[in-house]
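In what follows, structures are represented as structure tokens.
Note that subunit A is present in both complexes that follow, paired respectively with subunit B and with subunit C.
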Partner chain A sequence: MLLLTILSFSLSFLFPGNSVINMSGQVNATAEQLSLLAAQYQQNENIFSQYLAYISRIFSGDLGLSMASQLPISSEIANLLPATVELSLVALLLAMVTGIPIGFIAAIRHRKASDNIILTIAMLGYSIPVFWLGLLAILVFSIQLGWLPSAGQISLLYEINHVTGIQFIDILLSDSQYKWQAFQNAGAHIIMPACVIALAPATLFIRLARSAMLEVLETSYIRAAKAKGLTLQQIIFRHAIRNAFVKVIRDVGLQFANLVTIAMVTEVIFSWPGIGRWLIESIFHRDYTAIQGGLLALSCFIFLVHILTDFIYAALNPLAREKKHGT
Partner chain B sequence: MNLLDIRNLSIELISNKKPILAVERVSLSMKEGEVRGLVGESGSGKSLLAQAIVGVLDDRWKVDADRFHWRGNDLMRLSAEERKKIISKDVAMIFQEPMSCLDPTTTIGEQLEEAVDTEQLTGYFWQKKQQRKLAAAQLLHKVGIKNHEVCTKSYPHQLTEALCQRVMIAMALARRPMLLIADEPTAAMETTNKGQIFRLLASLNQLKNMSILLISHDLENVTHWTDTLTVMYSGQFVEAGTTKQIFEKPYHPYTRALVDSSPKANLQLPAKSRLPTLPGSIPILQHLPIGCRLGPRCPQAQQQCVHAPKVKNYHGHQVSCHFSLRGSY
Partner chain C sequence: MWQNNLAKTFFSLTILIVLEGCDSINDEGLLAQKSIIYCSEGSPESFNPQTVTSGVTIDATSNQLYNRLITFQSEDNSIAPSIAKSWHVTRDGKKLTFYLRKDVSFHSTKYFTPTRKLNADDVLFSFNRILDSNHEFHNVSGGKYPFFQSVEFSKLVEHLEKINDYTIRFTLKHADSSILANLATDFAVILSAEYAEQLTKLGIQQQIDILPIGTGPFKLKEYRAGSFIRYIAHQEYWQKNKTIEQLVFDITPSNTGRLTKLLAGECDVTAYPIAHQKIIEREDLILDAVTSFNIGYLGFNTQKPPFNNPLVRKAVALAINKKAIIDTIYFGKADIANSIIPKASWAYNEDEQAQLYSVSKAKELLALAGYSDGLTMDIWAMQEPRAYNPDALTMAKLIQADLKKINITVNIVSSFEWATFLKRLTLGEHQSVLLGWSADHPDPDNFFTPLLSCASAKAGNNRTFWCNQDFDKLIQSALQTTNVNLRKQYYAKALAIIADDVPVVPIAHSKRFQARSKQVSGKILNSFGGISFVGVRKN
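After this line comes the complex of A and B, so read on.
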């Protein structure tokens, strides 16, 4: 976290232009305003107190104004981040739900035809570039077949108040009489981008799950369980899956940063009103304040997911749950 | 009738190049209520043989035998599933390093309960869970764990190695087996714990008339607990007989060397002198000698030894050597 803020702080010096303007986003400020801001950011002090001033402003929720729209960054992020959170979490869930079981199946049927087929498909899926896949998906499913909408989070017909920002929760909270239609519509909108995002991580999960399962099946407790007279199904469901899952879940957090990067590109393709699209646009607009703020917010989100997966890992694995005792 | 009767069992490692004969024509038979020791250096294929009997070798290994009878049933003729059914009902196995043989993410109680045979439970399905719990607690009492509540709730890493081995024995007992195969049950254990485990096994043998196949590399220790012994070297059968026969009058040069190398057997040895041992070490699987595999290390070896010797039987004392030491006693 500290490193993140240092990075974001240093960006204001690395970007061209005045660092005060970069930090505050006040492009059209008068000389008096600028000197006031400089005092606020303690520009005349040494770099360490500048940094402390910057941190204290972040904690008070002030990320400056967007250079392009002159709106406060924090409110923009509050508007946009939930959409990205929604999309990436749905994609992560999709990737895990499909990838991990398929990987387990491949491991159980090790060195058979189905194992090879799954591995080949996983390799292919991992190699497909996401923007190409996204465009292809739009071409096939929304233009040619017309099954799914091509862009946006929900049809404009539905008026949903912005409460949490996560569309599905907002819909459930709203008292519109078309709640369920809106829910279905939002569901139809999220399927395609989520699938496109989920493909690459899912293939990774397949391989992770496969190798984890193979490792578990080689261990002596599986052999002991076999000697106990348990059937293969009992062994797999009672012992192997949990142990393999513990190994996989540790890597899920690491893969999440990757997934968010893919999500940013996909948001542009599907015009998803999320922070990724906004961030890429602000890069085009040379909107330095927005880049700083967006970067910080996105990294915080990834950070949180990391911590969350660590907690799940600890919950699943009794070995990690407590301090090691001497043996 | 013999409980287990194995004649000329071979285990082959299927590899890309040439299949490797890891265990070559080993015979083993066990009677009811017998405690047999299976002795050999590490890498002599004792564990492989045990795993082949229980049927937990993976598909890289190919098992072949002239005869493989379990209580009169020819197991080689049965399908893999039927064999597994018979074996898992009557034969149980405990392994070395018990801690790694218990699922680290499941509590001891759950693992014990799933080992309990459903057929032993009488009652309706809503009573079964309770009965399983009870059975698990009883099993723990049988192996000398009095505090079963703490034990069932803990995970394997929370228990000591000896306690884990007791749990493993309890699991093995769950199906009331007729034969217990103990694969170096006390490796990496302290002496006091070793004694406890062996005493437990001995009492199980006496009280329940359970046969035990005790696998060990420690000839001296094994002789205290076993009635009969089988000695293996580098995947080949060496010698079999009663413990007394083997220990006092070994017929095979290898067994002779094994007995001589233990300090207790030759107390007349002068102080601070070297214990007699065979030169060299056990050959690796890729470079096995032809014929009798002891050949290059054997003090008695002659030209004839490039052919594998036939097993000779002298009143139940079997030996596989061209030049047995029988005449020297």
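After this line comes the complex of A and C, so read on.
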């Protein structure tokens, strides 16, 4: 976190232009306002107290104004981040639900034809560039077949008030008489971007799950179970899956950073109103304040997910907990 | 075991949601069936058509939110009653009396609830706002009423009076038969005086053009700049034809974005579609086209040599291959212009012959004018695409190649952006220019006076600076009578003068396109003015 804020802080000096303007986003400020801002950011002090001033402003929720729209960055992020969270979580879930079982199957059928086929497909899936896949998906499913919508989070027909920002929850909270139709519509909108994002992580999960399962199947307790005369089915379902799963969970946090990067590109392709698209547009507009704030918010989000997965890992795996106490 | 239970609960929950969903569909019907999404090409700059001329804004507001006193009938462009159920013009053409309907109600929204129906006060307010520069609302949105200023409305109307609550009289300074057409345009909408009063009391007058109140078939529900406009049906609309419940403008400036949304079924109607062939091939889509009331032309600066010589102008006109231009620039989607008047206008002269394309004749004329060795000229071309000329630069290049055949060397000038371009044209710095005109209303005068009259040459709008007294007399006489046959004769003579003197070479009348889903029925596109969703249905 410290590193992140230092990086974001130093960006305002590295970007061209006045560092106060870069930090506050006050493009149209008068000279007096600027000097006031400079005082607030302690521009005349040494670099360390400047940094402290910067940090204290961030903690009070002030990320400055967007240079392009002159709206507070914090409110823009509050509006946009939930859409990205929703999309990436759905994609993550999708990647896990498909990737992990397939990986397990590949491990169980180790060195057989089906294992090879799964590995080949996983390799292919991992190599496909996401923007190409996104455009291809729009071409096939939206334009040719007309099954799924190509842009946005929900059709403009439905009026859903922004409460949490997570569309599905907002729909359930709304008092629209067309709630169910809106829900279906939002579902149809999320399928394609979520699948596109999920593909690469899913292929990684396949490989992770496969090697985890292979490892587990080699262990002595599985061999003991085999010696006891349990069927393969019993071994897999009662012993192997849970243990292999724990190993995979440990890597989910790591994969999540990767997934969010993919989500940013995908948001642009599918006009998803999330923070990734906003951040990429900010880069086009040279909106330095937005870039700093957006980066910080996104990194914090990824950071939180890391911590969360570590906790889940610890909850699932007694070994991880005990290590702390030492043996 | 608990996993099993969980799975069961989840399963039954899903079933429950699905069943519940089915119920609500039966009760309410699909919202999508009662709504239309229109993918538009840009955000409106205001919600009051009086203050703008841009097509995007007119499309989004005029026919959806408002009504005018009178309107154009879509079949033959004749004038029909709207808020005024009838009207009367005195014999000298100087007094116009309008008798208003008594059952016209304004929108009732979150920000305004009307207490009365429309009456003469509202009409008075709407026009006085434009006419009277001391009116408290005149300067609210910058005091610019570009359409009314261009037709010199305030010079024409002496005053406006309320005879009784439902009768209003315009007194004109001189007879002008185009006034009815001007009052029927998309710009001459009727606002609510009561709403204006309320805003004045609250001290937020500027809201009148941002949160609109009109009498039209739809009222504004929500607008997010750059994203969408949501209109809902005006339940007490006086024309009471059953229409859709919700109209959403999905603002999609990207051409490919609009096409994708159309093909994916995310919008029902799309403005200015690309890839026409693809749309025609699709069975569930329809491509609509209307020949717009516009003209793309090559205009000569008749004050500067060599184009002060009509022979040179004629020679150039003869040497331009219009067919090739239509095919290349408009992809065949435009009509060749024989005169400045499009075919759909009643003033179009059937006898007007297609202009010849003859290199040898052109050479003869050029020799006659004393330029047998050829000459060098400039063509100014704008950078921005316009409805009447989507690619002026390429058009200039085609003309350059055509004129090379008669030994004319063409320099293309295209380095100015639109505002500078127009300013320099007004100063007469050009020799010739590729320009055009889109009519505001179907009255033929809207082509003659702004484009080629002497007054307009003085004002700088007539970029040819051509001023022909006979021509001016003819178009003046045409305005002083309401007899259409007589006017037609005047205009035919005026057209003959243009054909003979060639201040402009008319090139094309372009078409306006729109694509829609087969489910949408009704007429949206008009040959002039904005789109209209009145009476449009979805099956």
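FYI, the second predicted complex is superposed on the first by the 322 of 327 C-alpha atoms of A that agree within 3 Å, B and C clash if a C-alpha of one lies under 4 Å from a C-alpha of the other, contacts with A are read in each partner's own complex, and residues count from 1 in each chain.
Here is the rule we go by: a contact is a pair of C-beta atoms (placed from the backbone, for glycine too) under 8 Å apart; a residue touches a chain by one contact, two chains touch by 3 or more.
Owing to the predicted nature of the structure, the values given are computational and were not obtained by experimental measurement.
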{"item": "Subunit C versus subunit B on the shared subunit A, clash or fit after superposition", "value": "fit"}
{"item": "For subunit A as apex, the angle formed with subunit B and subunit C - C-alpha centres, to the nearest 10 degrees", "value": "150"}
{"item": "Touching partner for A:239 - first (subunit B), second (subunit C), both, neither", "value": "first"}
{"item": "Which superposed partner A:178 touches (first subunit B, second subunit C, both, neither)", "value": "second"}
{"item": "Subunit B versus subunit C as contact partner of A:98, first or second or both or neither", "value": "neither"}
{"item": "Subunit B versus subunit C as contact partner of A:153, first or second or both or neither", "value": "neither"}
{"item": "First (subunit B), second (subunit C), both or neither touched by A:223", "value": "first"}
{"item": "Which superposed partner A:167 touches (first subunit B, second subunit C, both, neither)", "value": "neither"}
{"item": "CA minimum distance (subunit B, subunit C), superposed complexes, angstrom", "value": "11"}
{"item": "Shared subunit A surface residues [contacts with subunit B and with subunit C]", "value": "none"}
{"item": "Sites on subunit C touched by subunit A in the complex", "value": "17, 20-21, 24-25, 28, 30-32, 35, 37, 221-222, 228, 230, 246, 248, 250, 257, 260-261, 263-266, 284"}
{"item": "Residues on subunit A engaged by subunit C in the complex (per definition of touch)", "value": "138, 142-143, 146, 148-152, 155-159, 177-181, 183-184, 271"}
{"item": "Residue ranges of subunit A touching subunit B (in the complex, touch as defined)", "value": "219-221, 223-230, 234, 238-239, 242-243, 246, 316-319, 325, 327"}
{"item": "Residue ranges of subunit B in contact with subunit A within the complex", "value": "51, 54, 56, 84, 88-89, 92-93, 95, 97, 100-106, 110, 114-115, 155, 157-158, 160-161, 168, 171-172, 174-175"}
